[in-house]
C-alpha cells in the first residue's frame, strides 16, 4: 500500500511538473508550484520524513508561493514567447537525464536496510541519541545537538538572506491613509474569519515550537507558521495596519537577537569549560544540560526565522502596494 | 467497540462518497458559480464526516484534540475561501450561465 | 519487476529534476526560471529522502513497539536545506523585482542587450 | 477496519487526482483556484486518514499545517490577483 501511494503521488508530481513547462500564464504556474510543493511534502510523509514534510509544507508551499505571487503582482502575469528554439535545451536535458538514469543503476536499491547510507553514523544516532540527548525526536537531537554548529550556520544564512533582500528592496514605511484601498477591503467575511483564525495559528506555532522535541516540529517550522499568521493579517487588513502591529525595525532587531541567542549558548558553554555548543556543560546533569541547550537554541532559531520571513514579506508587499498606487 | 467501528466505517465511506460527488460536480456543472457550489458544500460535509469517522478511532488523547482542531479549522476556512473566491469572481465580472445567455465565458485566461 | 521496484523512485526523481532543468534553461521569463529552480531543488530533496527510507521502517521519533526507524541524517540535512532554499528564492525574486524596475521587463531576450542600467 | 480505511484513502486519492486535473486544465482562472483549493482540503483529509491507516496517527500536525497554509495561500492568490487583474 505504501508503494502504491508513493507511485500515485509521484505520478501526480510528474504530471504537474510537465504542465508547468507548457503553461504561459504565470499565475497558474505559481499555483501549480504550490500543488507541487504540497505533493512533495506528502511524499516526504510517506517516506517517513515527517519533520521534512512539515518544513516543506510550511516553507515551500506557504512562504515561497506567497513571495512568488507578490513578485508576479509587480512583473506581470504572462510569459512572452521565447524567440529561441527549444531543440537545444531539449537535447541538453535528454543527454543529462540519460546520464543520470545510467548513474542511478549504480545506486543501492531503494529501501534496503543494509544500504551504505544506513551504516556509518546513522545507527549511532538511532541507538544512542535517546539516551545521550534524551529526546524522542531523533531529528531534533541531530539538528540541534550533534550538528548544532551546522544549524548555527544555516541560521546565519537565513539572516544574511534578510540582509540581502532588504538591501535590494528596502522596507518603505508608508503614511496612514496613503493607500485606502490596501488589503482585501470588500471582503467582510474574510475580515471576521481572519480575526478568529489568527490567534489559533499563533497558538499552534507556539505548540510546534515547544513540542518539537517530542514530535515533528521545531524552531524553523514554528517561526514560519508564526510569520504566516502575520502575513495573513497583512494580506487581509493591509500592510499599514500590519506595520502598526510589528514594526519592520523591530523585526530587524529580533532577527539579530535570535542569531545572537544561539551563538551565546555556544559561548556560554565555552565559558563553562566545554567546547563550543557543548550543552552537557550547561547544567550539573548532562541530560538536563542538553534539554536547556536545545530549548534555547530552538527559540533562537524560531525568533530569527519568524523575523526574517516576515520582513522579507514586508519588503515584497510594500513594493507591490507602491506599484498598485502608481 | 464493534458498534463504534461500524459507525466509523459508515462515516468514512459516506465522507468518501461526498468527496467523489463533489469532484464529479467540478466537471459536470455548466458555469463557475454552480461549480463553486458543488465543490464547497461537499468539501465541508466530507471533511466533517471523515474527521468524525477518524475521531471515533482515537482513544481520547492528544490525537483527538488535534483532529478537533483540524475539524474546527476546516469548518471555518473552507466555506470562507469558497465565498471569497466566488465574490472575487463576481467582482471581476464573471457572469453566471443564465446571465451570459449561453455565450462562452469572457475571462478565459487559460494558458 | 524487482528491478523496477528498486529504482522507480530514483527515475521519477531524475525526470522531475530534468523538468526543472528544462524550465531553467528554456524559459524566457525570470519568475518562471525561479519556479524551475525550485522544482529542481525539491527533486534533489526527494532523492535524499528516498535514500534515507528503510522499507518497513517508521518515522525517526521514538515510540513504543517500533524497532526499525528510517535514517534521520538525510532528514536533518534536507530540513535545513529547505529553509536555506526559500531564503535564496527570496533573494532571487528580489533581484527579479530590481531588474523589472531597471529595465521595465523580466523577459530575458528583451533586456539582455541593454546597457547596464542598475 | 483497515480495509475501510484503505478504501477511504484510495477514494480521497481519486478525488485529489480529479481536483489536480481540474487545476491543470481549467476553463477560467477561477476554476483553477477552485481546483487548487479542493486539492488542498482533500490533502488534509488524506494525511489524517493515512496516519490512521499506517498505524502511527501522531503526525496530524502536518495535516493542520496543510489546512492553514492552504487557506493563507488562497487569500494570497485572491489578494495579488486583484492587483494584477488587468492582463497585460
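Order of writing sets the labels: A, B, C and D. Residues in every chain begin at 1.
Convention: contacts are C-beta pairs under 8 Å (C-beta built on N, C-alpha and C of every residue); 3 or more make two chains touch, one makes a residue touch a chain.
Keep in mind it's a predicted model, so treat the numbers as computed, not measured.
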{"item": "Far-end chain from chain A, centres as C-alpha averages", "value": "B"}
{"item": "Distance between chain centroids, defined by C-alpha means - chain A, chain C (Å)", "value": "13"}
{"item": "Centre-to-centre distance between chain D and chain A (centres being mean Cα positions), rounded to whole Å", "value": "19"}
{"item": "Mean-CA-position distance for chain B and chain A (Å)", "value": "28"}
{"item": "Contacts with two or more other chains, residues of chain A listed in rising order", "value": "25, 28, 50, 70, 72, 76, 78, 184, 187, 190, 197, 204, 215-216"}
{"item": "Residue numbers of chain D (touch at least two other chains)", "value": "29, 32-33, 58-59, 61, 64, 68, 70-71, 75, 78, 81-82, 87"}
{"item": "Chain B: positions in contact with at least two other chains", "value": "69, 73, 77, 80, 84, 109-110"}
{"item": "Pairs of chains, among all present, that meet the touch criterion", "value": "A-B, A-C, A-D, B-D, C-D"}
{"item": "Chain D-facing residues of chain B, complex", "value": "5, 8-9, 12-13, 15-17, 19-20, 22-24, 26-27, 32, 35-36, 39, 43, 46-47, 50-51, 53-54, 57-58, 63, 66-67, 69-70, 73-74, 77-78, 80-82, 84-85, 88-89, 92, 94, 105, 107-110"}
{"item": "In the complex, chain C residues that touch chain D", "value": "58-59, 61, 63"}
{"item": "Chain D residues within the chain B interface of the complex", "value": "1, 4-5, 7-8, 11-12, 14-15, 18-19, 22, 25-35, 37-38, 41-42, 44-45, 48-49, 52, 57-58, 60-61, 63-64, 67-68, 70-71, 74-75, 78, 81-82, 85, 87"}
{"item": "In the complex with chain A, residue positions of chain B that touch it", "value": "69, 72-73, 76-77, 80, 83-84, 87, 91, 109-111"}
{"item": "Chain D residues within the chain C interface of the complex", "value": "56, 58-59"}
